[in-house]
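Two complexes are shown next, each including subunit A; its partner changes from subunit B in the first to subunit C in the second.
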Partner chain A sequence: MSWNRKLDRFFVLYLPLLLTMVFTLFPFYWTINTALKHEGDIVKTPTEYIPSSITFDNFWVAWNNVGFSNYFVNSLMIAACTVFFVVIFATLVGYALSRYQFKGKSAFLLLLLCTQFVPAAMLIIPLFIIFKSLGLISNPLSLIITYTTFQLPFNSVLMNGFISGVPKQLEEAAMVDGCNRLQVIFYIVIPAVLPGLVATGVFTFIHVWNEFLFAFMLTNQEENFTLPIGLSYMMGEFNVNYGALAAGSVIALVPAILMFAYAQRYLVNGLGGAVKG
Partner chain B sequence: MPNDLPLQEESNLNVHSTPRSGKGRTDYDKWIPYLFISPAIVLIVAFLFYPLGNVFYYSLQNYDASQPYYNGFAGLDNFVRIFTQDPQFFASLWVSAKWVISQVSMQLVAGTLIALLLNQTFRFRTFFRAAAFTPWAISGVLTSVMWSLMYNEHMGVINDLLLRFGLIDQKIAWLANIETVFASVIVAELWRGIPFFAITILAALQAIPEELYEASKVDGASRFKTFLYITLPHLKNTIVLTTLLRTVWEFNNVELIFNLTGGGPAHSTTTMTMYVAEQAIHANNFGYGSALTVVAFGILLAFAVVYLKVSRFEREGEE
Partner chain C sequence: MSKKVHIILTSTIATSLMLAGCGNTTDQTVITDGAGSQTKPGEKVTIVFWDENAGPQRTPFYEELIKQFEEANLTIDVEYVGMPNKSAKQKYDAAIAAEDLPDVGGVQTTWLADFTIRGALLPMDPYFDQWSEKDKLNKQAIQSNRDVVQDKKLYQIPNTTNLDNLWYRADWYKEAGVTPPVTWDDFFAGIEKMTDKSKNRYGFSIRGGKGGSFQLQRLMYAYSGITDYFDASGKSTINDPKHVEFMKKYLGLYKTYTPESDITNGYKEMVAGFDTGAVAMIQHNIGSYGEHSKSLKPEQYAALAFPKSLNGNYVVEGFNTNGYSIFKTTKHPDEAWKFISFLASAPSQSYWNKQIGQLPTHEDAINEDWFKNAQHIQEAVKVLNDPNTLYYYPSVYTPDYRSILDQVVDPGLQAVMSGKNTVEEFLNEWAAAMEKSKKQYEQHINKK
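Presenting the complex of A and B:
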């Protein structure tokens, strides 16, 4: 490589890549850094860029005293239930759309499309009133229902695409062998679309894990807080315990990042293309 | 969307009664699609369209949980109040406009640059791509916490770095100072928002045929000209659609501002949606909040129609 090419590659690739990485990763580093410091070291000047001594006390405080163990379980339970229902209902809708011609199909597709233009912030007031009249405020069920409803349309359209890619002959062969419709879906269709199914499940999980506004509006008891609500309240306190706050953030970060690390390869190839329309 | 895949041309499956099950199967089969979509329909109608209708209904009511004795039909009173007696409405509309325009334009430019960067060939590309996209998976609340730790006046790393480099003389309260708060919130949201554009534009870049670049290289076109005459035209539809989606999304986005500044100081970061959320959460004024929501929805809808008209978005143009 000539000197000129090297210089060119430095300015077009390495330097911008370095800047991107610093901007993207530094906030993560700083949160972990703060979470691992002793209380006194956090506010010390000069600021310590590498902690002089490491402690896990903040995690202990956040998990046991602040209640992150509880928030974590709530978030996990709500996200898992939502993913379960979304995957089942979206598979059924996707199957109906890709394998049947039925009356009202285009009206149904239009209905799915319309949902994408309804801003969530618009519905916090009426949903609060509905769930209040159902006696479901501060009940995880209200969040599971809301999230399933909002995640269903997009995931149904994705599943339609995945299932349309499975050859019909496979199903016909199974039906000749005596499988009924549900058996065909379980034994033929689902295994064939499994990678796509897992990807949509993971992205649904991340959305639900991160959701704030509905959870904030529909939850008013501390025992039912999800992680975002717990973090939000902790941030708003008069005397913020920064170490525990940072530790709580790390607790909330880890599952989202693990899920993302697994599913990110589908983003550019699959779902990214779907956003394109 | 991949719905141009082989769909049911004549749907052989419907009439594919197996020898065992006799004639009952076809009749029963006719109801299967309705059975399959029924859970989705019930949920969407009951928990999306019914509440949506309620918003329009409440907007015509006095509905204030703190003053229930005034509750009842109000006609267009709420709307009249919005446009004639509420300076906060126009102020928040202005903040929303600044917020959306700065977010979408900067996210688009930075996202495109990063997509071009990550589309090059280099070692460990998969890892760097994943790392650059990670903030996409981080919630607004978490972003708020992480950046508030860095913006903090006393222990924040940003003040420390700027002091060390001699760029400022004294510590700044980034989120409490009316002159710095808006820019600070913008930067935090950029961190989270850029990956969306980087992801979608990288996907679009990969769809551009390689031959076009080879041809322009043979013709001796500069890097800038290649981008202008080959890359950009191919990205047009993606850019139009993603910017529209993002505009709607950022207009409605409330969790970052809610947690980072609460709309303050002195309402300088109170966007339209933040104002609605305040009315709903703190003021408990559901009628007025609903009317504000209806107005916001109308503004967004008008914007979307005008935007698609002006940008002459063509679906046929896409491969």
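Presenting the complex of A and C:
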């Protein structure tokens, strides 16, 4: 490769990639940097870009004093259950939309999308009253139901796209060999749309993992609070605990990063499928 | 296959049932008239307490107070629920609509009118009148709590008072040979002198973002000396010529003597500017003492009262207290009052206010040594104990007072700072919103 081509490649490819990477990773670096600093060093001038002395106290405060140990388990359980329900129901709805013709199908699809336009804040009081009458305030089930309901429409449309990408002939061949409809879904369709399922699961998980408003409004007992509520505790009216806030953010980031690292290859395939569909 | 489907469906139902059992179902609430608890003698009672400003810097002190209370009252358990400050009002709003409220809650004075109009609170007069320490609580704070609600009953017991002040870099002022401001002219001149862009230092930082309206209002009235929020004809004094004059001088500092980023400054950005040594002076209240003390050495900074007004006296905003209320849905008003009276007692107030760096409302707590030795507290006491100090009372009794500040005034201030609006347009809009709100409130009252 000539010197000029190397230079071109550097300016056209490596430099933009490097800048994008720095731009993306800097907030992570800064969060970790803050989490590892002593409280007095965080706002000290001149700014320390590498902590002069490292401490894990902020993690200890977030995990034990603020209650992240409990909030983490709650968030994980609620997110896992929501993902479970959304993936199952979205697959079934997506299959119905893709394979069956029925009256008002287009209107139904439009309606599914329209549900995304309702601001969440408007629904707080009605939802609160409904869950109170069901005795589900401060019960994780109220959040699982709410999140599943909010996530289902969009993910159903997404699954519709994925399933439409699977040739019908595959299903017909399986049926000729004796499969019934459910067997076709489980043995033929689901393996074929696995990347789509992972994409749906990851999007749902991330949304639930970060959701604050409903988690706070529908829960009146601290033992049932979730991670975003724990993070907002660190920002008091007159005090901001930057160290514990950063440590809490790192704790909250870990599952999301692990999940993306695992699901990355499925996500790329999955999104490609949805666009094609 | 059908077996697998069966397993999936069974697991789904089992998971739902399991989760349904995970949380404790909220008790059905009963509206009482405050005529006493529905508790049998000796029966153990749990009261729920919502803290409207929870966090690791404050919650441990509540936990300590609750521990002390439970040790002294073996038949009462207190269940603490901490709420992040930014979302606490929204949570109360939903809970009031659904009548699913705690027994006791931390309630800001500015919320009282709204909550009482919606019938959420229990009047505490019968309890307060029989309380042995009632005469030791700040009478002005108690009276203003009564004045702020329609029926003039007592719905909140204040346990802490706050006061806006200036925080300045005492070391920089000393180095530069500049005297801390005593008059408003000194205030503006000092800011100019302390600005040194070559050192990346600004003389002041304006809170142009969320919450800026509260601070601005307190500065304006402290400057003008006006003590009526509305004149006799119901016209707002917000757009008084003296306020226009002040605003022009004050916002004239922007960009030249303050950082350009001030336009979006919330509390934490403003305080971070001061604590990291980028700014020589900010306006806040004594409550931010804890934040400054984490980053600065005691000799580097100090609190300073606002200069006296153009009329020669201190002018302070009333209703700047926080306290506790009993919610009307409580089944245990007696126990709720017992808890509130414990929190409002001298030892509790002393402990609490010492930790959070604010002013107690209890006479005995004010006379303690820690209180007399704290510079920032003494600066506030100097103002509050000055016989010539006057109060103005904004229209916090109108239910939309807070939303006007948040939705009209905060963005309006930014519009002036960005040059989209003039000071006059901004203050006229603010005044008109307050006048309209007052008129609607009075029409509502007159209908009743």
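In this section, the second predicted complex is superposed on the first by the 211 of 277 C-alpha atoms of A that agree within 3 Å, B and C clash if a C-alpha of one lies under 4 Å from a C-alpha of the other, contacts with A are read in each partner's own complex, and residues count from 1 in each chain.
In this text, contacts are C-beta pairs under 8 Å (C-beta built on N, C-alpha and C of every residue); 3 or more make two chains touch, one makes a residue touch a chain.
This structure is a prediction, so every number in the text was calculated from the model and none was measured.
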Message = With both complexes overlaid on chain A, does A:211 touch subunit B (first), subunit C (second), both or neither?
response = first
Request  = Tell me which partner A:15 touches in the superposition: subunit B (first), subunit C (second), both or neither.
outcome  = neither
Message = Going by the contact rule set out at the top, does A:252 touch subunit B (first), subunit C (second), both, or neither?
response = first
Ask   = Is A:194 in contact with subunit B, with subunit C, with both, or with neither (first, second, both, neither)?
value = neither
Query = First (subunit B), second (subunit C), both or neither: which does A:149 touch?
reply = first
Query = Looking at the overlay, what does A:125 touch: subunit B (first), subunit C (second), both, or neither?
reply = both
Request  = Tell me which partner A:23 touches in the superposition: subunit B (first), subunit C (second), both or neither.
outcome  = first
Query = Touching A:140 in the superposition: subunit B (first), subunit C (second), both, neither?
reply = second
Ask   = So, A:73: does it touch subunit B (first), subunit C (second), both, or neither?
value = neither
Note = Larger residue footprint on subunit A, choosing between subunit B and subunit C, goes to B
Ask   = Once the two structures are fitted together, what part of subunit A is touched by subunit B and by subunit C alike?
value = 43, 45, 121, 124-125, 128-129, 212-213, 216-217, 232, 235-236
Subunit A - residues contacting subunit B, complex = 12-13, 16-17, 20-21, 23-25, 27-28, 30-31, 34, 42-43, 45-47, 49, 89-90, 92-93, 95-102, 105, 108, 111-112, 115, 117-130, 145-146, 148-150, 152-153, 156-157, 160-162, 164-165, 168, 171-172, 175-176, 178, 181, 206, 209-213, 216-217, 228, 231-232, 235-236, 242, 245-246, 248-249, 252-253, 256-257, 259-261, 264-265, 267-269, 272-277
Complex contact set, residues of subunit B against subunit A = 1-3, 5-8, 11-14, 16, 18, 20, 29-30, 32-34, 36-37, 39-41, 43-44, 47-48, 50-52, 54-55, 58, 113-114, 117, 120, 122, 126, 128-150, 152, 154-155, 157, 160, 191, 199-200, 202-204, 206-207, 237-238, 241-242, 245, 248, 251-252, 254-255, 258-259, 262, 273, 276-277, 280-281, 286, 289-290, 293, 296-297, 300-301, 304, 315, 318
Ask   = Which residues of subunit C touch subunit A in their complex?
value = 1-2, 4-5, 8, 12, 15-16, 19-20, 22-26, 48, 53-60, 79-87, 90-91, 93-95, 97-98, 100, 102, 267-268, 272, 275-278, 284-285, 287-288, 290-291, 294-295, 356
Ask   = Can you list the residues on subunit A that touch subunit C in the complex?
value = 39-40, 43-45, 61, 65-66, 81, 84-85, 88, 121, 124-125, 128-129, 132, 135-141, 144, 180, 182-183, 186, 212-213, 216-217, 220-222, 224, 229, 232-241, 244
